[in-house]
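One structure is given below, represented as structure tokens, and several questions about it will come after.
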Amino acid sequence: MVPTSYYLVLSAVLFGLGVVAFVFKRNIITIFMSIELMLNAVNLAFVAFSRALGQLQGQVFVFFVIVVAAAEAAVGLAIIIVIARNRGTLNVERVDSLKH
Amino acid sequence: MTPQIAVFLVLAAVAVAGAVSLILQRHPIHSALSLIVVMVSLAGLYLLQGAEFIAAVQIIVYGGAIMVLFVFVIMLLNAGEEERTNLSRMARYVGVPLGVVFLAEVAYAIARATSHMAQASPQAVSTRDLSKLLFREYVFPFELTSFLILIALLGALLLARREDSD
Amino acid sequence: MQQAFLLTVLTFLPVAGALALLLLRSEDHAWIRRLALVTAVAEFAISLLLLRGFDSAATGYQFEEFHAWIPQPPIHYHLGVDGLSLFLVLLTTLLTPLSILASWKSIDQRVKGFFISLLVLETGVIGVFVSLDLFLFFLFWEVMLIPMYFLIGIWGHERRIYAALKFVLYTMFGSILMLVAILWLYRVTAAAGYPTFDLAQIQTMLSNGTLALPIRTEMLLFGAFFLAFAIKVPLFPLHTWLPDAHTEAPTAGSVMLAGVLLKMGTYGMLRFCLPLFPEASRRFAPEIAVLAIVGIVYGALVAMVQVDLKRLVAYSSVSHLGFVVLGIFAFHAVSIQGAVFQMLSHGISTGALFLGVGMLYDRRHTHLIKEFGGLATPMPVLAALYLFTCFASAGLPLLNGFVGEFLILAGTFAKHPAWASWAALGVIFSAVYLLWSYQRVFFGGLTQDKNSALPDADTRERAILFLMAAIILWMGIGSPFFTSRTEASTQNVLRLMQRTQAYNAGVGHDNVKDMGMNPPATPGIGANSATLYSVASSVKSK
Amino acid sequence: MPVLTYLWILPLLPLVGAAANGIFGRRWPKNVVTGVALSSTTLAFLAALELVREFLALPAGQIPWTKSYFTWISAGGFRADFALQVDQLTVVMLLVVTGVGWLIHIYSSGYMHDDPGYRRFFSYLNLFMFFMLLLVLAANYLLMFVGWEGVGLCSYLLIGFFFLKQSATNAGNKAFWVNRIGDFGFILGVLLILRTFGSLDFATVLPRAAAMSAEPAGQAGVLTTIALLLFVGAAGKSAQLPLYVWLPDAMEGPTPVSALIHAATMVTAGVYMVARSHAIYLNAPVAMQVVAVVGCLTAIFSATIGLVQTDIKKVLAYSTVSQLGYMFLACGVGAFSAGVFHLMTHAFFKGLLFLAAGSVIHAMGGEQDMRKMGGLRKKIPWTFWTMFMATLAIAGTPGFSGYFSKDEILLAAQRSSTPLWALGVLTAGLTSFYMFRLLFLTFFGAGRFDEHHVHVHESPRNMLAPLVVLAILAVGGGWMAAPHLWGGANYFEQFLAPVFPAALDTTAAAAESSGGTPDLLQALLGAPVIAGLIGFALAWWLYVRSPETPKKLADSLSAPYKLLRGKYFVDELYAAVIVRPLVWISDKALWHVVDEGAIDGTVNGVARVSREAGDRLRYISSGNTRTYATWIVLGAVIFTSLLLWMVG
Amino acid sequence: MLPPLQDLYRIAPELVLCAFGMLVMFLSPIVPKARHAVLLAISLLGAGLALAATRFPALYPGAAYSGLLRADAFSLFVHWIVIGVAFLAILGSANYLKRENLDAGEFCALILFATAGMGVMAGAQELLTAFIGLEMSSIASYILASYKRDAPRSNEAAMKYFLLGSFATAFFLYGIALTYGATGTTHLDLMGPAGAQTSGTLLKMGLGLIFVGLAFKVAAAPFQLWTPDVYEGAPAPVTALLSTGPKAATFALALRILVNVEAASALWFWALWVAAVLSMFAGNLGALVQTSLKRMLAYSSIAHAGYILVALAAAAATDHPEAGIAAALFYLVSYALVKLGAFLIVAQLGGTGERHVDIEDFTGLAHRQPAMAACLSLFLLSLLGLPVTAGFLGKFYIFNAALESNLIWLALLLALNSVIGAYYYLRVMVAMYMREPKQEIASEPVPWTLSVVLWIAAAGTVYVGLFPTRVIEFAAKAALTMR
């Protein structure tokens, strides 16, 4: 059997990588992808816990998370499209007219 | 070393590799593809944990719907290679290292906390039980999610709609 | 009794007047002025009822009004006057109509707002003097800031905005700490089992030992309260807002500021610092006295070299109020009486000075001494009355200034000859700066021909100044009229100090740990307010 | 006994006059103003005479006669009444004040006749009378202080009467400020009295003070402290070293003012106050010595300055300072009655001198410099003769009033200490010298002025009459204190005896000792006379016989001459040591450095610092999303580790 | 089995909101743009009915949907705040929408949905439900932020809000996961006992990450950086909503966790302390130097988040958190009233395209529009915390709570900060009253809708400032009913 902690550590690593990605990437779309990566890591943790605890709730949560992710994706990508349309760039660093 | 562990290690390795490549790839498409790799391998891990339903949803909704949406948008905006600007010194010198630190911290903490975690016996998870749970106990959030989707829909329509539409 | 609501009426009549002003058209200057004046005069007339009904023998509060207001934390609408506040209220109600008269012609921009601010200010000040609930007191204390802020900021002179902001921020810095202290005191009372903001009740609890302030708490609380008051007074070295505020404020603003607002500080010391924190007051008295004395001499010396008349008078206020603070912290019946009297006489004479300066400003639109010179020739009456006021302010016997200063010195000398001797130096310097400035403004030949045609004081101005002069003379000769009414209350202050201290000496020190510093966390919301009423009413009944 | 019962009548009369003229007199014609002013003082004088009559009828038990009218100040156990008191000393002072005051009012009605400020002048003058009477009638120190400050006020107003002249207003301010320095001491003395005796009433304080045992010589106890503090006040008011500087400048005022306030009455208030407090002084030997020495030094000091002054009023002013010095010398050696006596005679002859000088100035059309006068003897005979009498009196010519009073003092001084006596005698010589110098320069020799421009004319009657009256007093006024050797019985001293019992003893003893050896007494009485003669001779020789000598003398002795001309440069010294540094410190150090620099600097500094902090802070939000994300991660790391490792 | 009927009563407000949201949403394509007033009216009706519908949960208090929700006084209180805010926001933005030529339908629908989400957050007793509610309000807010979709600034605000928001959400979610793992449940009420025995580290990590997520939502330092940009970029009425409703809901959720999870109060105390201090200083010092009123108000809302965090810290520091909770709730009311009013005034005076939102542009407002100037001054004074305004009593109660929990240093820092704050609020009044306008700005007439809103806000501010009894007593009740 695979110990739960393996899954959890993996989820932690993936989450962390997501964080790194968010800070590292410049392209808005990929930054958004890194958020998805983080959510996936969360899902993994949920599944692992629900298994470890012998409950099903965890999986239900995963289901919800996926739905939320989908909703976010829809809105987020829409916003990204608008940005691309109005700003002509996808580089997050170039979208900085609001400051100080 | 049981076969499960071997499988886990492989899938984990693939997932991490995918995540890393998501970071390193310059072209959004490549990043998207590597994200898909991560998702698929995660689906595998779900199977390994006996969560077939979730695994399926993972492949269909995530790998299918969401990522397709991503790729579609990338195509639509034909986003090219991302320019590695460094306008934010903060992010460059603090952010990225800090991210790694955070990763290490969380991983360490979790490893220490769960090393001796009780390993419950894998019981067969039937989709029926899941649906019971979903539609009885969690019917309220479930209904809410429908509104969530509604909002998202509304938003997508509203934002993506071209000006000349009205 | 038929005067059950007298204080409420007194407090809120001006606001009512202000609201009435709102209904007038803003262009209708004449009627705005008249209505404002009528309100203020009516207010003054009503305030005279206080004198009629006042029992000078009683030590307690009179004309008390006590109503529940906010149940949690228990806050009451508790008003009352005693000898300390009686004349301050009258001073306020007197100076307001005068400053309205003084601004009769000089204010022609946004007249409505001006008089509204002035009336609201009056309410705030009176509220401060009559409220006996710490919360209520603080409320008025802060409310008063805004109208003053507008008076300085809108109708002031060149650097008015800087001055206004400085005034508000200075005061706020002190008062916000006082708010913390008030709440802390409330926590302590809660810890003692009778959570209350009611001054009278806290005093009773302190004196009958229900409430004991550990010395450390007492000193911290005293510090917070005193800082707020010291800024208001203002006590050296917290005085630098005053010259700016005065110089920039319009005449009415300066009059109210010097006349009554500064007194709020010294009044607070008498009303709160001494009775509530006697031990701390004693411990800090030497340092405070030194500051007061420094203020007396320093203020006078700096006033001497001012080139701007208003600044000069402002610094003279620093000097004069130094006397008041000294008198208060000498803890001697005579000196405290003197301090109270000095508050009033300073209000009158400095008020009169500012009125005079304002009249000069109306004519020449400057306060700079060098712009004047030889004014006695074109305006003999104004010159004479101004000189009279100068001597009143310089403490010439038979005028009001002398009585206060002498009583303060006498009381202080009885306890601390050294303090009094240093303070008496002020007697010399006050004559120096006043007469020197007077000489440069009024004596000699006309230095500028645009001064030659200046009109002498007209009827309105003469009325104002003669009234002030009459009061100055009255206070100088008939001082017992005032002192007899303040006697009982000042004695009471000292008595409270004695009793409370006697108690603290006995018990206060040993339970420093479990009281005050860390009051047991009784739920402050609605903490046994039932008991409060009983206690409060018992306080009220006696 | 109307007046004794309603003592307040006395001060009230002039006050009414002052108020009437000052407030309502704006539109009154000149003669009404005069009428009001004069009648008020005349009535006051008559009331004073009536009072004397009633007073003499009083049984000794009722003296001092005290009447309390209302409570003026009362607070926390302290209480000061508006109470008036009459005793022999008061009576003397009353007569001097009202009498001389009355005369000078009459004189002024002529002297100021053409001045635009006529009404103002008289209201001030009446006001002065009010305060002066209050001063001498007061029954406690606080009320006395009222009069004390009040006369100061009037002196300020009257010195600066010609307020268009910068010098006049300067002099007024100077007078008030220097007096304030004195008052500083006086008020402290009063406070100490209050602290020591628990009251300020003479009736309470003085007996207790007398009852206390005299403090051993060379030791300063509370009484000495009180005495010295009071003397500071006296020195201010009566222009003693080092506070005399205001009096010479005070000559800026109209001449009648100089006569009344700065010669006859106000400046003697210090002497009166010391005499009044004699019970305290007698038990404070150290203070007595101080008073004596200061008085003596002042006498000689200002006499020397008087030698070389050319302004006729300045000479008289310094002479006044010097004569006041005599009075304090008297008090200092315990001869209070002598001091008071000299006070009175001095009021006569010095008042006369000033009025005469005024008459001269009037005649010369405002000229005050004696070098531009001369030979006026024939032109204004009345003035000359009256002034001559006064000069003889002040010079101490035997038989004249000044002779008796001065020798009375010197007698007492000689008995107390020889050096003081010697200096006193020397001063007498100097006095006679500068007075005759003045007389010769003004009235003798050839006129040193342009006949065509200056039309010398005798003054009108209402100015001459007071001169004559005063001249008579100056000549004969001394006899009321003539020692029995001269056939007199020193009525004056006996009259004052109830007030100064101790003082009586000293001179009584003197009489004893002197009675034994008349020739010695002769010699004693002779010394000042001889000094006076020498002074006269010198003056005659220098200014009548060979008028060119002074010039040579001045050149040969240029250094001391300059020193004297420059009045020992005391004013310059004060300016350099006190005034200018004080102003400089207040302006540069206190105002600009401490106030604007330190305090306001801190206040505004705090504001500036926080604004700068805000400015730094706002640039953290660079608008770059990655930066924001970094901060979020940072926060996450901080808080998670806070929870993980810091807490619990 | 189906959930009992009472459960429907207990979510009545949400039902009404969602129903009307859908209604408006479906009507908006049909109704012509000229007739958008109808949609506004309908959504106002919806909000009003929702407000009325809060009566039901009041009548049927208790847990709903197997303990996912809880209808109690606390949730009622927060419901009133968020729904009231929604009502006023819709009414206040009516004219703005017309002026900026924006569709009213979707706008109102989104506000209603978002409000429903906030309502869920207020009542949620279970973390995932709360999370869904949070997402509802957030996603709606993202869209609203970019509602002027052809305005680059609006888009940028939306992008930043969206990216960082979902970033923070991920943290929040991961926190939930770890907490779930640590306690074996996501039900707050069950968590308490469970939290004690299971391994501490996971719980700490989880609560830590949850704190991060919530801190971000309430714009607490050091997670506040997005706030000024988003508030500045978003359409002013949206900012008015964002700065009040979601904040209230999020604080409500934080309070629920704080009260129900025993471990939380101990674990969070210092985090709250630090965040409070950082926010107060970051907000006030940042606001000192702003030139744009809109942005300055954004910074000030950071500072106010700090003040409320002080109340939370006070609640966390003692076993009797009632005072702290009541103070926080009271402050939320006073704060919501004035912030909403202030931002709506900015929306009005900014003019078309919000070109005049600099403090400079407000010079001489007292001449041009005395009523508006007076109103704004009142709001600023309330934010400043001067007596006779709700803001003063809000601060008063927070001070009281802080001192009751012996957080003397925190109280002193709060005091210091309110003095710093005074400076920039007064600066605005200086501009309005004491300076002469540089360039003349044509002042548009104030639409009645807005003036109604402003009157309500002003009257409420003064009324609560003078007679806080009702509010504070109900807040205290709410605090007591939380567990």
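Letters A, B, C, D and E mark the chains as written, and numbering starts fresh at 1 in each.
Operating definition for what follows: a residue touches a chain if its C-beta (ideal position, glycine included) is under 8 Å from a C-beta of that chain, and two chains touch if they have at least 3 such contacts.
All values derive from a computational prediction rather than experimental measurement.
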| item | value |
| --- | --- |
| Neighbouring chains shared between chain C and chain E, ordered by label | D |
| Set of chains adjacent to chain B and to chain D | A, E |
| Chain separated most widely from chain A, comparing mean CA positions | D |
| Chain separated most widely from chain E, comparing mean CA positions | D |
| Chain occupying the middle, per Cα centroid | C |
| Length of the line joining the C-alpha centres of chain A and chain C, rounded to whole Å | 64 |
| Length of the line joining the C-alpha centres of chain A and chain B, rounded to whole Å | 6 |
| Chain centre separation in whole Å, for chain E relative to chain B (CA means) | 30 |
| Whole-Å gap separating chain C and chain D, where each centre is the average of the chain's CA atoms | 40 |
| Per-residue multi-chain contacts in chain B, two or more chains | 87-88, 91, 95, 98-99, 102, 106, 109-110, 114, 117, 138, 141, 145, 148, 151-152, 155, 158-159 |
| In chain E, residues with contacts to at least two other chains | 128, 132, 135, 139, 142-143, 146, 149-150, 159-160, 163, 167, 178, 181, 200-201, 205, 228-229, 423 |
| Chain C: positions in contact with at least two other chains | 169 |
| Full enumeration of touching chain pairs | A-B, A-D, A-E, B-D, B-E, C-D, C-E, D-E |
| Chain A - residues contacting chain D, complex | 19, 22-23, 26, 31, 92-93, 95-100 |
| Touch list for chain D against partner chain B, complex | 622, 624, 626-627, 629-631, 633-634, 636-637, 640-641, 644 |
| In the complex, chain E residues that touch chain A | 128, 131-132, 135, 139, 142-143, 146, 149-150, 152-153, 155-160, 162-163, 166-167, 170, 173-174, 176-178, 180-181, 184-186, 228-230, 232-233 |
| Residues of chain E touching chain C in the complex | 318-320, 322-323, 326, 381, 386-388, 392, 396, 399-401, 403-406, 408, 411-412, 415-416, 418-419, 422-423, 426-427, 429-430, 433-435, 467-469, 472-473, 476, 479 |
| Chain E-facing residues of chain D, complex | 607, 610-611, 613-615, 617-618, 620-621, 623, 625, 627-629, 631-632, 634-636, 638-640, 642-644, 646-648 |
